[in-house]
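Structure incoming, see below.
Chain lettering (A, B, C and D) follows the sequence in which the chains are written, and residue indices restart at 1 in each chain.
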Amino acid sequence: MNPVQAVLFIGVVLGLGAYLVAVLDRVFAGAPGGLRSGLMWPIRRTAFLLVQRRSETERPDAEAWALAPALLAALAAVGLTAVPFTPSLAVADVSAGIVLFGAAMIIVMVAVFLQGWSPNSIFPLIAAYRFAAMALSFGIPFSLVVLTTAIPAESLSVGAVVASQEGLWNVVRQPLGLPVYLVTGAAVAFWGPFRIPEGTDLAGGTALEASGPTLAVWRIARAGVLVTLSVMGAAIFLGGHLGPVLPGWAWTSVKSVALLTLFVWSGHAFARMRVERFVWFGWVILLPIALVDVFASGIVAL
Amino acid sequence: MIEVILLISAAIFGVGVYGALSQQSFVMIMMGLELMINATVLAIVAFWWGTTGGDPRGQLLVVVVLAVMAIEAAMGFALVTAVYRVRKADITEKLKRLRN
Amino acid sequence: MGGLGGALVVLLAAAVAALVARWLSTVLEPTTLTVPERVPFAGGVPPEVHAWNRYHIRYYVMALLFLAFDMEMVFMYPWAVVFVKEGIVALVEMLMFILILVVGMVYTWRERGFTWA
Amino acid sequence: MSALQTFGIVIFGVGAVVSGWLVFRTDSMVRAAYWLMASFVAVGAILVTLDSQFLGLILILMMAGEMTIMAIFMVMFMMNPAGLNPMVMVHQHRTAIAAGVGSFLLLATVALVADFPADPVPLGADPTAELGFELLGRSMLVFESAGVALLAVMIGAVAVAGKWGRFGDADAGSVEPELEPEEGGS
């Protein structure tokens, strides 16, 4: 795949995915107008944000503020490059694809921290400190469950991980993996019960002072992170493009949309968690579960 | 090619030495140390890539250096916190006297 | 380099696209905000000081633990690749390594490291 | 080594040096931490170019967490973490510059003068798997000692930095230093 095709492909996947996230979010929220108004909602919202007057704070860290949404979008895009959509359709199915994805998802912490730090406003700043606490708690369990899928594949390449699931998907072979992945994944995208840095108790948190096109980019990038997490989760736990009858890309899409729906639904099904409780939850609950997952999957793989 | 990489590594190391010696704030001194470790990692990988025929012990050395960096950072921050808590000092000049 | 070159191109393209969107909005509609409009939101009360101030990060003990615990990932990735070939030896060695680290985690937990200090 | 790779190494190398330099030129502590991270990311990119994809990416992965922690510790300790009032917090500046330039010249001379054996990484090798075999075989002791060292650091760091000690609060009897640095010792 040449670079231009790669950029267009990733852009289209992220764009469609972000649109879907917005529609699903609207529908699950039970907004008036049902599905029809839901389908128009992302377009209206983006159009509104594009013409909205931009606000600025007093003496912000302007460069970092401009960089943060761009960084988040870039991370969502680069995480997606590691995933093969069909056996041959991947931008960068490299030999250390899982590490590439893990690094992209951990650096989300930097993007969110900068977004909260740079407006020089107190609520976004507290949100940034909160997200740092969250990210330091979910980082290790998240990386561990993703890494565990490499054990049966004997390779860190996502293509090899998908190929190793021929016959039996990892969701069966590593039953603890997918639940932990979903929980920590929602936390990576600070979505659902882990909407801690953008909670209403902080009047919007990291996105509080953002407005106009910047806010649009930030929201789309955040939905993009969710899309990347879904596609990756489908590839490493649900067998990616493997499946009968339908072509590979169709299976990838179906599985990814299923995970995406689960992620978005969690935002309306669970109450938001407090951050100090999340720190305890991450270290004392998620980390041991992830470690048990590693060794149990190892014994199964032997 | 390896000469170019070693030159880059030497430049990073020089900046790190400057930072570690010139800064007053404890955390900034640690940043200088981390830059020196950064240069070390680059040099080790350059040697591993160019002169050892891919001996895995070269990579092992990088991993050990990374562990040393983590240890340095964790212990450094812990000591800075303890010093700050007891003496309310965050720069080296306030610690002329180490005994109470 | 191969595939990672493609990843780098995608990374740069996404970042540049987002930055261009922002730059276009400032060029197409330059706004000059008055001073009261630039005051950051603080729940209705005008803030008296800059938000950037010394701040007690109350989870710092956990952050120190993360620094040391995160190193385990570096060892674990190569371990996962060779696990099936090495078999039981790999399992026992990594179990030992992890159990050593888990002692540190439990110690921090008992020292109330995961609470707000 | 293709021309593109050489180009990449030079670009990322210059990036690593310049961002490393900017760490000490910026007033904002958060920017300093993230400039340092940029330096590490550039070095990680060079590592990827040098056939060690895994080490390069893991360096980048590790540094994201470490530098954020550095930034938040900066915020805890500095009166002015954002550098709103520019300030120079340096001592022995000339000595430091001389030492920095000196160590660069020394290392650069070694790099240019010494004659390194040319024995490149064989094509088609899988360095990650080789590292794994090394860790579990010959160098098992290194691996397990690293575990013990990390455990010691965890316990040490928590014991030293924790707020609650076994013998009362950690800041009991703490002393404010004089406003002016003292002359001499006691």
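Throughout what follows, a residue touches a chain if its C-beta (ideal position, glycine included) is under 8 Å from a C-beta of that chain, and two chains touch if they have at least 3 such contacts.
From a predicted model like this one, the values you see are computed outputs, not experimental measurements.
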Contacts common to chain B and chain D (chain labels): C
Chain A and chain D: spacing of chain centres that average the CA atoms, whole Å: 28
Whole-Å separation of chain centres (CA-atom averages), chain A against chain B: 33
Mean-CA-position distance for chain C and chain B (Å): 20
Between chain A and chain C, centroid-to-centroid distance (C-alpha), Å: 14
Residues within chain D bordering two or more other chains: 53-54, 58, 61-62, 65-66, 69, 72-73, 76-78, 82, 84, 126, 128-129, 131, 133, 135, 146, 150, 153-154, 157-158, 161
Shared interface positions of chain C, touching two or more other chains: 4-5, 50, 52, 55, 57, 60, 63-75, 77, 80-83, 85, 90, 105, 108
Residues of chain B touching at least two other chains: 63, 66-67, 70-71, 73-74, 77-78, 81
Every chain pair meeting the contact rule: A-C, A-D, B-C, B-D, C-D
List of chain D residues in touch with chain A within their complex: 28, 30-31, 34, 37, 53-54, 57-58, 60-61, 64-65, 67-69, 71-72, 82, 84, 126, 128-129
Touch list for chain A against partner chain D, complex: 59, 61, 64, 94-96, 99-100, 102-103, 106-107, 109-110, 113-114, 117, 120, 129, 132, 135-136, 139, 143, 154, 156
Residues of chain D that touch chain B when the two form their complex: 1, 6, 9-10, 13-14, 16-17, 20-21, 23-24, 29, 32-33, 36, 39-40, 43, 46-47, 50-52, 55, 58-59, 62, 66, 69-70, 73-74, 76-78, 89-93, 95-97, 99-101, 103-104, 106-108, 110-112, 116-122, 125, 127, 130-131, 133-135, 139, 142, 146, 149-150, 153-154, 156-158, 160-161, 170-171, 173-177, 181-186
Interface residues, chain D side, partner chain C - complex: 4-5, 8, 45, 48-49, 53-54, 58, 61-62, 65-66, 69, 72-73, 75-82, 84, 126, 128-129, 131-133, 135-136, 140, 143-144, 146-148, 150-151, 153-155, 157-159, 161-164
Complex contacts: residues of chain B adjacent to chain D: 1-19, 21-28, 30-32, 34-35, 38, 41-42, 45-54, 56-57, 59-60, 62-64, 66-67, 69-71, 73-75, 77-82, 84-94, 96-97, 99-100
